[in-house]
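Next come the structures, one after another.
Shared between the two complexes below is subunit A, which pairs with subunit B and subunit C, respectively.
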Partner chain A sequence: MDFFLQILVNSLVTGTQVLLFAVSLYLIRSVSKIEHVALGAIATFVAYMFYVVFMFSGSFVASGIFALGWALIFGYISFHLLEKFYKNNDTLLGLLASLSFGIALESLIGIIFETDAKSILDGVLPVVDFGLFRITTPGLITVSMGLVLTMIIAFVVLRTPYGRVLRSITENNALVSSLGVNAGFVRMAIYCMGCVLTGFVGVMIGLNSALTPFMGFNLVITGFIALFIGGVTDIRGVVVATYLLSLVPEFLINYSPRYLDFSASHKMFFVFVIALVCVLAKPNGLFSKRIRKS
Partner chain B sequence: MGYYFSVLIKIFISFIQAVGAHLTMSQAGIFFLAIPVSYSFMGYSLAILQKKFLLGFGLAFCGSLALTFALGLLLSYLYVRVSHESFTVLTAASIVGFEAFLKSFSDLTGGVLGISGIMRPGFMKALPDIVLVSGCLMLTLVLIENLIFKAPFGRALRGLKESETLLESMSISANKIGTVVICLASLLSGIAGSLEALRIQFLDPTFGGFPNLILIASIAILSMKPSVRTLVLSTLFVVLLPEVLRFFSFNPSQMGHMRMLVYSIMLVILIRNLSGKFTSAQRIV
Partner chain C sequence: MSESDETLKIGVIAPLSGNASQYGEETQRILSATLKEINENGGYNGSNVELVYEDGKCSGSDAVTSFQKLVDIDGVDAIIPFCSPESLAIAPLTESLQMLAVSGTSSNPDIEGASSYLFSLSYSDSVIGETLVDELDKFETVAMVTEQNDYSMGLKNVIEAGLGEKVVISETFESTTTDFRNVIEKLANSGAQAIFLNPFPGPTATNLAKQMSEDLSKFEDIQLVSQIAYLTDESRQGIAELANGMIVVDSPMVDSPEANAFYENVETNFGEISALKGYLTLSLSDALTNLVAAANAVGDDSVAMREYLANNPLVGRVADGIEFDGMSYLPGVRAGVFQIIDGKAVLQ
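Let's turn to the complex of A and B:
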């Protein structure tokens, strides 16, 4: 039972990291129809900026403010990079541009910081003991903050006038602008918010384990897959798909017969297989309904 | 001399692979991002058939070609079944999934250590022989692609990009065109992968992957026109551009990162400049 709970908690931490990526992708896609996969590299860069200041100052507050500044800068850059694709309705080219931007950032990190792993916190990580299971403090912060933020975002998107404005920007940008909403500003704010959310995840990964130039890549790809499995317009589906992609591979690895010899390196393979099955069974999202087209 | 031969082979192999990307991405408008998967898949299947199943080169090559064709059929089935966006996502995810497969099933693939000592056939023992074979293949593909552009199939490809409905109204099955072009791209990418595997005689899970996608996508996007000349020129430009970096004294461990940085920045600039030129622009206030 203890082992089961420990696996569940560890998967929840990873799942919440992926969830924040998926939610950021969902928000950006909602306002611009573009999948901003460079968020993985942005999260990594922001985490490295946190690391640099933390090494010099040793202050969480100063490092956090510096990292936040970088996240906002990346939000601004992302908006100006991808806005043209939104306006020209070239969403797939936008995806490719975002992918290239991400790879450029990762290469830049590789050049500046080299590829060896860097730990923000030295020594043994602080752990919270719940009796049946244990969780590291950064892991606990990730899970609690991640769930609270996702619930707030889901509530705002689905139940408030701000959420309706957000969704209507994708549907009819001109109409929303005619109602006095500054759609460009809303898009830029969402880009910045997405970068801040993923930057937070990047810093938490850095605190929980170690920083590597490519650490955000698998997470953003999993988030990206979760977005499509869950349904690109259904935040409920995205949340379920994220945990499905995080929990199922983890339990397969830990509870499969020994002779199958599954290890952590199988994880992305299982993620791909689950994605394949889900997309073939439910092409429009986990909770999609059949729509009759005339 | 070996360096120049290697660069030549790289140009030829990149061209062979880029023909598939040119036909799918640039001409048909299908964002088939699994090109590195086919590249790596055929390289690995050739090596596995040779080393684990002890087949001769001819049989191993035919077997790996058949397997790559089957992979192409599987990917085209996905194209037919799911939406275009989901197809793009799945093909992008397949790169990560396949890399994980290579790392995990080490009994078959050699895991992270890969497979070394891939045997070259008698007619490709030295680098100049590989230059000759890949060069001949490239010239053949130049002719074939030229013919494709002038044939009804080439027009159907461009039609698929413009309007699927219009294509269907002319009794041309968009799904069939998509299936054929995806299988073709998969096969060409696979052949390029097997040639590269024979050149380096070593494979590991990093063979192919996103760096390969960036290289090929740069060439395909740069040569949006239905012209073989543009494709040849863009291949030369994209492959030779990072070679300039060799004349600067960078730390060798950073060379790979510098190369990727140059590619990706170039790709971002290119894509931004191309945006709006191939779709009907929509004015947004």
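Let's turn to the complex of A and C:
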């Protein structure tokens, strides 16, 4: 086994989890200007719903359908919760409403399921051996699905008319509506898509390690930071920023001299230091161009 | 204080929910069995002794809330705290309110001298830590992984101080961590001859071991050493291959005929004990027995009970005849070294 590759692969799994959060935050912000930070708690709740049905049925299909249903319900709830803030242009209040909803939901999960970690799968996970590195089956699904979905979304956003509609909704809602586009429906669909994507991450975390009521918090915070340092209107920047925030801390922890004594518990420290450096150096996003002001 | 001198009310602060809830459930079973014995043998001056439970969640802040409720609302005469964080958090309150607290299970070394009204019949973690140092000192290099909680961090500090430069890597992780794969990779590549696994017992410990088991070849030539987290059969379910040969240091397993009869009594009449089975079953039972003995000797006044316990030989199954001798812990309790052989923890 190659130490470097193994750390890279393990970090890619966690990085892709963050990536799907960042992409979901990006999509929702694109159509509503609101950072829907409750996605962390929503993903956690959806994963617990998967867990509940799996414990009773042992069926991935039944559990997946049930979890998908909950993700869609949360998409619908999110839309109705935040739509009026979008219409009133109260994006900060929208963020606060989303945060409050997320914290309430996390607390509810803690009350219902208690705070101890819950594993969906008993026993040791199946592992795929690539010679130089190994990866668990849920980890492999997370990385492959995450990258494919992100590429599809990036393609749609950047290269298709649907993407142009998506981007123009927040810029000129009235104009888009006059072209026959049901902007409200598009926003609701995007909320649902965000909840499904992050719900998928929640379930994969449950399959790959374990569920805890507050597991979504670090993911959504890292995704939120990636959104801002990558550039809120630049999906390529968001993708790069996500992996920057996920991979660099892991390599700093694993390759730093012993006397520095860095360990896994320092990860979020490095995330915030990188975020600070990026925001100071490139305040408008990693790939933003300097615009001369006259 | 109690509403009536005829009743002895004892409050119990234990983790009835959360990660450590198994300990809370087993605490209730052990104390129920002890209480039945006590009440059948005359209770407190011929009246029944009452236990009042509060959920401390092994957390200091919850323990303080529980303590205040037990003292102010339930009017208990003494308290049995379970976890070290609970005992340490209530220590200043026991001193200022002169409320006697006797734990059977709290083991943090900081409990020693924390309050003149707080005692523990458990072994101190420093005893476990020193024994772990003796075991790990047999190897040239040691790596360790520690969960950030009072118990594990206490052990980490003792071992790092004891082994010095032999510790090549000392990883810590937050209690909410569920993915340990990079930590495991770092441990396996550290070149250490032994790895000390130091999580809190429960799902986190199981999860860590499950992820280590994904590639057993990494640990073929490395001696795994741990503490109570992997002592029970339940904690090693699904990780039998990884755990085989593991050295576990914890309280000694007490298997005298009297002790075995008590374990059987608890399990037959009140439910299974696994996580606490052994010394802690008996020391927990002894905490209640000694509180009642003190009340029978001097009445249910907490100050008088404290004076009695501090200055007289104790009673019970593991504390019998021992005196605190000015200390908060029982002097002379030694740790036990076990090895996991064919799925069973065998005392060495």
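As a convention for this text, the second predicted complex is superposed on the first by the 291 of 294 C-alpha atoms of A that agree within 3 Å, B and C clash if a C-alpha of one lies under 4 Å from a C-alpha of the other, contacts with A are read in each partner's own complex, and residues count from 1 in each chain.
Note that a residue touches a chain if its C-beta (ideal position, glycine included) is under 8 Å from a C-beta of that chain, and two chains touch if they have at least 3 such contacts.
Every value quoted in this text rests on a predicted model; they were computed, and no experiment measured them.
Visitor: Once both complexes are superposed via subunit A, do subunit B and subunit C end up clashing or fitting?
Guide: fit
Visitor: Check the residue A:Arg236 against both partner chains and state whether it touches subunit B (first), subunit C (second), both, or neither.
Guide: A:Arg236 contacts neither subunit B nor subunit C.
Visitor: Spot which of subunit B and subunit C makes contact with more residues of subunit A, would you?
Guide: Looking at subunit A, the partner in contact with more of its residues is B.
Visitor: Touch test for A:Ser265: subunit B only (first), subunit C only (second), both, or neither?
Guide: In the superposition, A:Ser265 contacts both subunit B and subunit C.
Visitor: Between subunit B (first) and subunit C (second), which, if any, makes contact with A:Lys282: first, second, both or neither?
Guide: Neither: A:Lys282 stays clear of subunit B and subunit C.
Visitor: Identify the partner contact of A:Ile221: answer first if only subunit B is touched, second if only subunit C is, both if each is, neither if none is.
Guide: first
Visitor: Kindly classify A:Asp90 by the partners it touches after superposition: subunit B alone (first), subunit C alone (second), both, or neither?
Guide: Only subunit B; A:Asp90 stays clear of subunit C.
Visitor: May I ask you to decide whether A:Ala117 touches subunit B, subunit C, both, or neither, giving the answer as first, second, both or neither?
Guide: After superposing on A, A:Ala117 lies in contact with subunit C but is clear of subunit B.
Visitor: Once chain A of both complexes is superposed, is A:Ala174 in touch with subunit B (first), subunit C (second), both, or neither?
Guide: In the superposition, A:Ala174 contacts subunit B only.
Visitor: For A:Asn254, using the defined touch cut-off, is the partner it touches subunit B, subunit C, both, or neither? Pick first, second, both or neither.
Guide: A:Asn254 sits against subunit C, while subunit B stays out of touch.
Visitor: Once both structures are overlaid on their shared chain, how near does any Cα of subunit B get to a Cα of subunit C? Whole angstrom is fine.
Guide: Checking C-alpha atoms only, subunit B sits 5 Å from subunit C at its nearest point.
Visitor: Once the complexes are superposed, what residues of subunit A are shared between the subunit B interface and the subunit C interface?
Guide: Shared contact residues on subunit A: 114, 218, 263, 265.
Visitor: Help me check something: in the complex, which residues belonging to subunit B touch subunit A?
Guide: These residues of subunit B touch subunit A: 31, 78, 81-86, 88-90, 92-94, 96-101, 103-104, 111-112, 210-211, 214, 217, 221, 253-254, 256-258, 260-261, 263-265, 267-268, 271-272, 274-276, 278-282, 284-285.
Visitor: Touching residues of subunit A toward subunit C in the complex: what are they?
Guide: 1, 3, 6-7, 10-11, 13-14, 114-119, 122-125, 127, 134, 136, 205, 208-212, 214-215, 218, 250, 253-254, 258, 261, 263-265
Visitor: Touching subunit A in the complex: which residues of subunit C?
Guide: 17-19, 21, 148, 168-174, 176-183, 185-186, 189, 202-204, 206-207, 210-211, 213-215, 218, 238-239
Visitor: Can you list the subunit A residues touching subunit B in their complex?
Guide: 35, 81, 84-97, 99-101, 103-104, 106-108, 110-111, 114, 173-174, 177-178, 183, 218, 221, 224-225, 228, 232, 262-263, 265-269, 271-273, 275-276, 279-280, 283-284
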